[in-house]
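Letters A, B, C, D and E name the chains as they come in the text, with residue numbers starting at 1 for each one.
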Amino acid sequence: MTQSRNAGLGLIGPATVLILAGFLAPTVIMAMLSLRDYSGMQGIGTDWTLSNYINVLGDWFYLEIILRTLALGLIVTLLCLILGFPLALYILRVGPLMQTTAILLVIFPLLCNIVVRSFGWMVLLSPRGVINEALLGAGLISTPLDLMFNLTGVIIGLVQIYLPFMVLLLVPALQNIPADVEAAALTLRSSRIRVFFTITVPLASPGIITGSILVFVLSISALVTPRMLGGPTYRVMATQIYDEFMTNLNWPSGAALAFVLTFIALALIWAANRVAAHLTRGIPA
Amino acid sequence: KDLVVGMFGGSFGRAAQTCHVKPFETASGDAVVAQEGNSSQFAAMVRATGGDSDFDVVYIDNSFAAQLAAEGLLQGLDKSKLSHSGELVEGAFGADDHFVQYQWGATALAYNPADFPTPPDSWSAVFDAASTGKVALPDIAGTAGVHFLLAAARLNGGDIDNLDPGFAAIAKIAPQVKAYYTQADQIISMFERGEISIAPWYPDRAAAAADAGVPVAVAYPKEGAIGIKVTMVIPKGSENTDGAYAYVDNALSAEVQKCFAENMYAGPVNTNVTLEGAAAKAVPPEMFGKLYFPDPTKIAANVADWRQRWQREITK
Amino acid sequence: MTSLSLRSLTKRYDTATIVNAVSFDVEQGQLVSLLGPSGCGKTTILRMIAGLLEPTGGQILFGEEDVTKLPANRRNVGLVFQSYALFPHMTVFENVAFGLRRQGVKGVDLKTRVGEALEQVRLGALADRFPRQLSGGQQQRVALARSVAPRPAILLFDEPLSNLDAQLREEMQIEIKRLQSELKLTSLFVTHDQHEAMSLSDRICLMSGGNIQQFATPEEVYFNPANGFVSGFVGSPNQLSGVATEGGVELAPGLRLASNRAQARPGGRVRVTLRQEDLALAPAGQAPGLAGRIALRIFEGASVQYIVALSGGPEVMARVSSRGPQADLPVGTEVVLSIPADRVFVAPEEGAA
Amino acid sequence: MIARKPSWLLTIVALAILFYMNAPTIVVVLASFSDTTYLTVPPQGWTLRWFEFVLGDSRYMRAIWTSLWLAGGATLLSLVLGTAASYALHHRLVPFRDVILSAVMAPLVFPAVVIGVALLQYVSLLGLRGQPLVLLFAHVLITLPYVVRSAMSSLTGINPQIEEAAHVLGASGFTAFRLVTLPLLKPGLVAGAIFSFVTSLDNVPVTIFLLTPRQSTLPVKIFASVEHGVDPSIAAASTLLVAGTAIALILAQKWVSFSRFF
Amino acid sequence: MTSLSLRSLTKRYDTATIVNAVSFDVEQGQLVSLLGPSGCGKTTILRMIAGLLEPTGGQILFGEEDVTKLPANRRNVGLVFQSYALFPHMTVFENVAFGLRRQGVKGVDLKTRVGEALEQVRLGALADRFPRQLSGGQQQRVALARSVAPRPAILLFDEPLSNLDAQLREEMQIEIKRLQSELKLTSLFVTHDQHEAMSLSDRICLMSGGNIQQFATPEEVYFNPANGFVSGFVGSPNQLSGVATEGGVELAPGLRLASNRAQARPGGRVRVTLRQEDLALAPAGQAPGLAGRIALRIFEGASVQYIVALSGGPEVMARVSSRGPQADLPVGTEVVLSIPADRVFVAPEEGAA
């Protein structure tokens, strides 16, 4: 109906205008910039070139970084799901007082500045840090574990940062599932585990997909944590882009990398949405 | 009038308030608006605003200053407006007088006195100590990393035009290196917990950490520490140029230089400054002559390649 | 092949007692209907039997086995939910296949059995639809097929046919009855349709406010209601008040009915229940009885309902066959009403629910 | 969900996860009481001087207030814009749904530094540099995706017939939304609001390029001092922020009432 | 105070036509029932009238006004949803108050009117509960109260009483009828209960597969079904096949019935519809008719159903009053069945739905 069309435009208009004027327009400037050449001392050139993209996509060094970034994103997302589900279930099942406490404890970590928080992790994870000292003291290990300046450190840090996002999206998603539907599966002789995977998870999939996309996107574009807990040996797209942009001042190359990353991420989001739409095609939109 | 100054934050910002801002404000009556950031951010901002910067004065490392000057984003400095220009060390002005150095720093050696009964006196100490697993190196993302690469090249018979020996030497010890640091915090906490015994680092930061109780001391290698010029520039678009000159000039005066050296262990560039105590040990004025200052244009032109190579050969 | 026994089954929410020490047995292969007013606790009982709700007290036995603490998925019961509770993300086929898969039914076998179950509910053609693409009645039939397909030992139905039209409803009733007796399924059937309850059940459990009022065969419940509540609930009764007399009841001064079912001492105020279908109606003068005149005539298809204003007394409804001789009396006609003495149920006022 | 008490196993797992999530914060809070001038744990000697320092430093306090106002304003604006947009997108009231959705999500994906520089360039071109609202809108841009995403996933869970019932009862589109959809949407919106608040509160790469010279935010101050080693005053400022927001949340809890709709 | 007219109202999903050019009028203050098998499009029609579903074609008029394009909230209709669609976050009181508040009713007035509406559905005591704390029937009654409370000009009911027990159901029917006629509400009433449809409606609209089969008064539909579908749907019919003869039909060799309703030429295969309640049953020899023996006896309360195997023919079901003389015939009894010629509906085989 034309009426609903008008209402729709009115609703989406302000946000769209903001994004068009505030994001897409500057991005177009950047897109043009990514097609310029650059050399140290001369700065940004005036010639058009595709070399910035060719350099990235034709070089195993970059491709490896891209793959590593995506792998990191997937691992972090998966871990957030694995840890997020029990926590969300706990929050839904526990009494009101503990529920509020738990929710606050989920929100707290978000409030601590990311740089400062990374410092906290360094104190905990370093070879002579709290965790290693405790394990050594307890005699559980004989040499300190390598928890930092490697993949483990980045994952521990990123999962902690993005877990709240997952949990806060899983809770309402699980909450919305009609109890009778799960009960019906139980009476059809499904164990609780099976009910969880065949009924609960599919019905919570809008929230799961949203949470996963969010965590994935955030962890592939995270900068500070990989920097501080991963160290330079563990390079990801975000650190590479930052260095290219801010340290080398090579904006064209940095912009090209940024577009490659964005394109990949949007493609993945699109695919995930497709999958979600397929999985939830029975659920009224 | 307002004077917008882009300066570094944290303890640096506090020292700059004491030594640079306060005296200037009392003397001129202008109000300083300090915006905190780091060199690369200032460089990006000056470039992004394309010759119409908000800043009147910017503190910035000379490599960025040289880059910005080359892109025509900085005002050429009129020495006649800087009363202290004659008192400065040689080479304080650079890039056709587009920047003026107000502080020198260096990449030298920081070590744990407990592990080194006699202070190390050569870059080779880093390579020798690698086998203990208690060495941290600066990553090439920062200035110290570039400098250490140069130092390693020079130690092994190369120079700024031939870094192969440097890459080879570092690649050899790379597997034993405890960590590549990018942030001051990382190295402070590693020294504090005794995880490392030696690392190339900045004397001023190391001295400040030592004051705070971290077990760390500074040594200048005999081959020469790699010098850093920290500069002030006046970007194009400055609205209070007179104020800017007055501010820079004030920062170059002997008392202010001394104040800053004592507060921040900033190497003084005014030849009239004499230091005592901790400051004299951390940034001895006589050391200035022994520093190796690499050519910023060569760095600017090649550093991207070096970084790529470092990432592929050292920190892969 | 198990019998079902409830022993003092009780459910309380806070202070409200929803199910109050209910005990009864459903013998193996029997079908028992739970009948009672809305909110009397029928669904609550079914959910406790299925293991979805923890009883506050009492026991549930399947055969000899106490299952009170057994989790729902280990009970082998089928439950048709009042709200259908279909899996919205699965097609009709997958909904029905769900329980079968749990029993390891696969491949061709699975297809056949799902197909059969869907045919039984006349939905073979809609196997690929999602629940939201079905009408209310279609959804209800899917729910039915889903719980019957795995052939559980005990079947619980919560108003499984309430959204179906008469014809389909009758077909489904026959289907359920056939399945249930062929497979000797022990079944508990909640319905609000007395007709359905009467014609399907071996026993009827009549409840009110969480308490059993009568547990007996349909005939027994209909012809020998245990108390005022039952007589007032079964059939389409007129509920009148009156005063007990020797061997009868007086509805209003002069309006007397003989009753051999009076449970009250003469002179007390009583509640009188007269089933509409028990009242015989004839034009005035043709027979003895209570005099009145037709205030309203309602055509109901097979039957016609008259609302008769008794002279000097209350209004009473009577139902006659629309084929019968009295089907076409116009409003205003003077009539007499008569009723056999054994169909006049009289209970003390306070005893009526 | 079937209502049920958590098992002891679930309780232990959940508490362990909660502990893991809060471990670094605990470290930071402890470090803020440390007597040393660098961050260390366990603190060597206890002191409150870093708190005194932060509370006494007007620039610190201004930065904290700026951060809070910015985060609050951006959150409010993105709640309004985002809820409206997600409603339209969910109900397919607009064409090019997928394209718009991608565009809304893009600022989340696009590296923040690049957005920051691009915005500064763009704002300079338009001559809007230094306008205080620019920063606010920039923050809305990066917080909007969170609200849209979480609102959309909550909308999916709402039975569409419920809103229809409200329409039939005479509620106009907006009234039905306000009285029926919005309350049911609350959990999603609260989550979205929390995300956008903390995202804004933590942002450096976009903020630093758009600050007017007189403004600063806490994360920018922290970031600017990292080069020189973080001293406990930063831990103290973070602790204050955590404590302050915690108290605010607990107070707001009555009003927002997490447990009621979760 | 508006009449309702549908003009060629059509709804298609993809290729499936769910509602096919339906046209009828409901006059002001009338109550029309929509009757038809599950899935025939009843809910779809109601949703289009309420403005919740956009018709593929056709028009909807309220009085003279074309409302086809009017949004739902400006139509002033009440709709009782088949799935209740209560507001889960509001108490029963707030649910009912919702529509009233939209009309600006406030304060004491609001309290009174909500209270009244809740009393009408016997739920006054549960005003502070949330929907999830109610039984199925209680929820349905809240839905009813909610849509009636604002006194809309047009009321649409989608099986509003399907979850209620007989007694409450009858009370609610009377309540609805009273409200509807007092307030002269134009009403469209979907039900699967023929009894309900017949007794409540001024007109019945009988549908099948999206098409109107008959639109007429209850009597007309019952006594003069327009076609084979209608005769087969209304009442509780036996559907038999046979061969048309002159003035009647032959069910099996020798089993002949007279019919004055044959719509087929002699010799053609036909579908014969005999209502169970039209069949008179008597012990063999007591009357003329088709001979058979009782195969099954089902007690239904007010009635008894017999399944009779005709000698050399099909099985036929007959329903008699449980008070009548033939109520207690045991299985195996030889009986004769008779039926008036005007109740034997005969339609060509292909014409039957």
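One rule holds in what follows: contacts are C-beta pairs under 8 Å (C-beta built on N, C-alpha and C of every residue); 3 or more make two chains touch, one makes a residue touch a chain.
What you are looking at is a predicted structure, and each value in this text was computed from that prediction instead of being measured.
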item: Lowest number of touching-chain links that must be crossed from subunit B to subunit C; value: 2
item: Pair with more cross-chain C-beta pairs in contact, given A-C and A-D; value: A-D
item: Mean-CA-position distance for subunit E and subunit C (Å); value: 20
item: Whole-Å gap between the CA centroids of subunit D and subunit E; value: 56
item: Centroid distance [mean C-alpha coordinates] between subunit B and subunit A, Å; value: 35
item: Sequence positions of subunit C contacting 2 or more other chains; value: 52, 83
item: Touching two or more other chains - residue numbers and ranges from subunit B; value: 41, 44, 183, 185, 189
item: Multi-chain contact sites of subunit A, meaning residues that touch two or more partners; value: 119, 123, 183, 186, 245-246, 251, 280, 283-284
item: Partner subunit E, residues of subunit D touching it in the complex; value: 159, 161-162, 164-173, 175-176, 179-180, 183-184
item: Subunit A-touching residues of subunit D, taken from the complex the two chains share; value: 1-6, 10-11, 13-14, 17-18, 20-28, 31, 39-41, 81-82, 84-85, 87-94, 98, 100-115, 117-119, 121-122, 125, 137-138, 140-141, 144, 146, 148-150, 152-154, 156-160, 173, 187-188, 190-191, 194-195, 198, 201-202, 205, 218-219, 222-223, 226, 230, 234-235, 238, 241-242, 245-246, 249-250, 253, 258-259, 261-262
item: Subunit C-facing residues of subunit E, complex; value: 35-39, 42-43, 82-83, 134-138, 141, 158-159, 162-170, 192-195, 198-199, 218-219, 222, 232-237, 275, 277-278, 298-303, 305, 319, 321-323
item: Complex interface listing, subunit B residues touching subunit D; value: 2, 4, 8-13, 33, 35-38, 41, 44-45, 48-50, 52, 54-55, 183-185, 188-189, 192, 205, 208-209, 211-214
item: Subunit A-touching residues of subunit B, taken from the complex the two chains share; value: 40-41, 43-44, 47, 64, 66-67, 70-71, 139-142, 179-183, 185-186, 189-190, 193-195, 297, 300-304, 307-308, 311-312, 315-316
